[in-house]
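Chains here go by letter, A, B, C and D, matching the order in which they are written, and residues are numbered from 1 within each.
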């Protein structure tokens, strides 16, 4: 079987891992994977899908860069009777345009992170700073929403500053430095970062400012990349919410079932948003992940 | 009948495009289907349109870095307006084209009046347009309007199931309009004159200010049209869309044989530049074995190869002539 | 009165270029505008046509005050102009250049065929056989100059202004141009003519106005004036008559002097046929020929601007390398090119920096010329060549055309090369400086430097050259030396072939 | 000395005005603390955070002086960072890592220079090629992940402290001073300017334009490599995907704010570096002032436009003209009667 995979790009280690795992899964199952990297651009993804359709592949995996704007190209795939499986992000098109979606609930991730923080601080006063993802990207929007959902109604928790760190370490570090200047450090009680990379940058900023990350400032972030486990093992980070890069496994399972007897899978195969804290043997988690291509 | 030497780059571009297509076809026979050909037009429609505007700008010796952001702004503008108001899309289109044209004209005005380099003014314009779309919304906004469904589904099914879409036709029309404006009007002559040297152009009687404003207004207008086409193509508005499209458009224009220093080139060449870029994309997708990083490297190598071939061909013909 | 200018003033930072100038032009006259380099002629013209914004003063055309804010307005008013530096667009075709702004249109669109036809008609009086569909840049400076004239003539409903139109034209072209000018004068146009060739002024002009240092000195009827008085008006002093255009002591035996360089078989397909040339110490060689005969190309081959196919060059010590300009300079060559705007001046650099540029490049970047030395060199040549500039730090692009030319010359003189090639060295240079430059050439050859002069002015060649090599159709065809160097002899040599060489001009 | 001061005066004034503006929104902007052997405060942050753009601007100034442009500097940062991280993680010391990274930058510059000077491709396009494909090369080295390494002395280059100040500050200041001295104490500056203004005339005067052009692009590559080393050392990892992303635009902006014309010619390294500091002050100021992030771009665009407007030479001319024509009687105004 031939499967086309339209990946967003390679903007982060997490995504590189997703690509690696998808290739691995395809190889294990003897699937011929056609890979296309869209370099963060929806127009490239659309063009790639249309090329896949023109080539007549047997299925298409799509990790959509943005939620909107897929209707016509999905219709085109449907006309050509090619099933489409969405990976890790949702689209807002009608459900019958794709076979299924594999992914986690981005809002839920934010909620898990927020819930952890709320539980951890109890009813202490806590001034939170937030490192947002790239302005306008759906993880940034949803993870912000989820977090706010979780802490809603708790008067002791307050987000005092919120800036974009563009999902990068440099961004995380630079913005955290300015947070520390602006809020004079010791008044910040917790940091919520939309991804681990920004949290890792921020940890350095906090260390360099002479404070102790994980102690003076609680740090919770999302993704569960290997490096954050190392930081947790060192006591520099407190919690992370896993977003598994193995989206392709469930996707291929669903596809194989569909190919063999036309089984329609559920419309949303949710991967778990597991919370990891310092108590979860971070070093073991690190070892388990470090070769997955993050 | 001797061929005018100024035609060499254009002919080289077309020749290399055809040769490249044949190479692709030999490797993937399916490349010659109307489907792929139709896709090539549709998928690159927004790029082609904006590149036509860019061609005029570059012909005048300028550059317009704002177009990518303007396309994104257009999408957001349309989507938000359709969501928030009951205006008909056509009315929104007119409003939008007014805004983008005025935006372009304003940049042209700043370039002329303040004597600042286009690169910087349009760079600020790029920030501004992108920032403005953020301020409209940071979300991606779907466009749901029956008229849009109509536009999206407007295509002619070619034999072989290929689709000649409305937006593909709009691009071809834009190229035609651009060609006429650049090569068959007094305004176009002034554009070329500016590209040959502003001082000289002034002494020859070019109204430098009006022309500059006109050029960037035209580019802004084309970016607006491209934004409309893009919003039809994706059916949504997204403030992060088309990041870096200005550079792709510049590359397409240059591949099309237009001199970046201005004063020489053809709008038709730009069409082939765009198609070449699209062909490279398609080829990589058809191949499907390149990793993310090799994709980037191979695009660069093919671009370089193309430019070298073009230069070589032009030089060889020039020497023989 | 067709055109009258009153109390016109214009200043640039550091320079008062025009100081209360009056000027009057009648219908049906050719009026010369004369003055030294930097006197303000070009500035006056540019103020008149709206290229510069004047500080004060009044301009009336047929009694109505006009104030063109741009050159296009001036064109609409019927003032056609050829500016000093050819100001056409090399990237447009000849036809587009000629018809620019007045393109024939059909259904609102430019009609290419009618455009070419119109262009051909505009050129018809100039005996020019070129393809108007080609880019202007493909043609030589001289052809561009003629195209510029044709364009200006077509635009001049009332006034035609020619700022040094003849600087790169040869005798035949000048004659042709004058026929056109007389014709226009008889039609009642007023014509302003700027030139440093006084013979031409006396030949064609009815009246003349002299400017000096931005002031109007006098307006006279040409017939009432003799040459010496005119020069006195221009310079504000007397010129030692002896130096002006008089044949220097020619050395008929210059060839028996010690040999300096021997070029053998230098040439390139389609450029210049391979030629030999022996250069002797202290001699001045002239290159004569019609436009496009390959003089500039010969010089470029010798200086390594274009690579020669085969051939070799030797001096007393063995082979001499000149494969590119840097090698040529290392070998002691110098080259002041013909087109000073594109190949000579570095516009935004100061006069000082332009003068020391070649010397500095020769010394290498690690050994900067000390500032005091730079100043000394700059001051020395500013004084020696009488370069009119407010100071050595002024950008060369702001100097008048003739003064730019002097700076380029100074650059090479400062190098003290052993073999100096000067392509049209006195183009656009006034009488006083002209004499000064010829004198300088003699002084240098006296010290053993050999000079190759390319000039369209036979008189100049006669004045300066020990022997003259004649080119025709990209071939070195003949040579004259000693007392044979006369205007007649050169013309005869050029025309020796029965075929009319003029028909072969145009793009290669 | 006085001359060069006058040259950078507009930039200094702009910077001062900007700092005043930021202080208005964030009163502690100018406060500097001394604790634990190091100075800290927003201004120190600006000096440190501005290091990459300042370094890029130094190289970019030279390239722009030759009438070129180098879009690939951000990518070169990523490449050299990846090379350094690769060297470190495969067990080489900090010294070899720095040397390899700088070497990578020089090779990139050589590549650009050859395309521009020898093949004759226009600078924007030539460097665009490396800009797109170079990031792929960097990712090839890091395999798309953030390549981390054991910190050690290398990290000192990014976040170390020397004499109370962050080390990157010393790196960019020394580079800028070194390059400026090299340009002005030798004849290089003059030669670079002359090929930027008129390459053909310079070549005829014996200036070795080809070699100079290549050298200039290599210098730009070198500066980008230094910037890449700082960025990598700062986060103790090479982020091939994001390092230096779009920084080339900031660098060009810095050069233009520094008053060097994109058309080549006269340049001032000092002014460009001040331009970089102006940009960083804007960026840091936006962060400190605490606006929502969707306003960042609009604020930046507005400020940049304003700065360019104030510095525009034409505007000065227009002012003069306005004042003149207001003072004189209306008839003399150039747009008089057009009968």
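In this text, a contact is a pair of C-beta atoms (placed from the backbone, for glycine too) under 8 Å apart; a residue touches a chain by one contact, two chains touch by 3 or more.
Note that this is a predicted model, so its numbers are computed, not measured.
Undergrad: Going by the stated contact rule, which chains contact subunit A and subunit D alike?
TA: Shared contacts of subunit A and subunit D: B.
Undergrad: Most remote chain relative to subunit D, going by C-alpha centroids?
TA: Centroid comparison gives C as the farthest chain from subunit D.
Undergrad: Is the number of contacting C-beta pairs greater for B-C or for A-B?
TA: Most C-beta pairs in contact, of the two: A-B.
Undergrad: I'd like to verify one number: the distance from the centre of subunit C to the centre of subunit D, where each centre is the average of its C-alpha atoms, in whole angstrom.
TA: Each chain reduced to its C-alpha mean, subunit C and subunit D end up 43 Å apart.
Undergrad: Please tell me the distance, in whole Å, between the geometric centres of subunit A and subunit C computed from their C-alpha atoms.
TA: Centres of subunit A and subunit C (C-alpha means) sit 71 Å apart.
Undergrad: List the centre-to-centre spacing of subunit A and subunit B in whole Å, with centres computed as mean CA coordinates.
TA: So the centre of subunit A lies 33 Å away from the centre of subunit B.
Undergrad: If I count partner chains per residue in subunit D, which residues reach a count of at least 2?
TA: 139, 144, 294, 296
Undergrad: Any chance you could list the residues of subunit B touching two or more other chains?
TA: Answer for subunit B, listing residues that touch two or more other chains: 134, 138, 291-293, 295-296.
Undergrad: What are the touching chain pairs in this one?
TA: A-B, A-D, B-C, B-D, C-D
Undergrad: Given the complex with subunit B, which residues does subunit D contribute to the contact?
TA: For subunit D paired with subunit B, touching residues are 69, 71, 115, 119-122, 124-125, 128-140, 144, 249, 252-253, 256, 261-263, 294-302, 304-305, 308-309, 312-315, 318.
Undergrad: Which subunit A residues qualify as touching subunit D in the complex?
TA: Touching subunit D from subunit A are residues 10-13, 15-17, 19, 132, 135-136, 161-164, 166-171, 173-175, 177-178, 181-182, 197, 200-201, 204, 208-210, 227, 293-294.
Undergrad: Over in the complex, which subunit B residues touch subunit D? Could you list them?
TA: 63, 110, 113-117, 119-121, 123-125, 127-128, 130-132, 134-135, 138, 247, 250-251, 254, 259-261, 291-301, 303-304, 307-308, 311
Undergrad: Using the touch rule from the top, collect the residues of subunit B that touch subunit A in their complex.
TA: Interface residues on subunit B, with respect to subunit A: 28, 30, 33, 35-36, 39, 42-44, 46-47, 134, 138-142, 152-153, 230, 233-244, 278, 281-282, 284-286, 288-293, 295-296.
Undergrad: Within the complex, which stretch of subunit C touches subunit B?
TA: So the residues of subunit C in touch with subunit B come to 51, 70-72, 75, 81, 83, 87-92, 96-97, 100-101, 103, 105, 108-110, 112, 133-135, 138.
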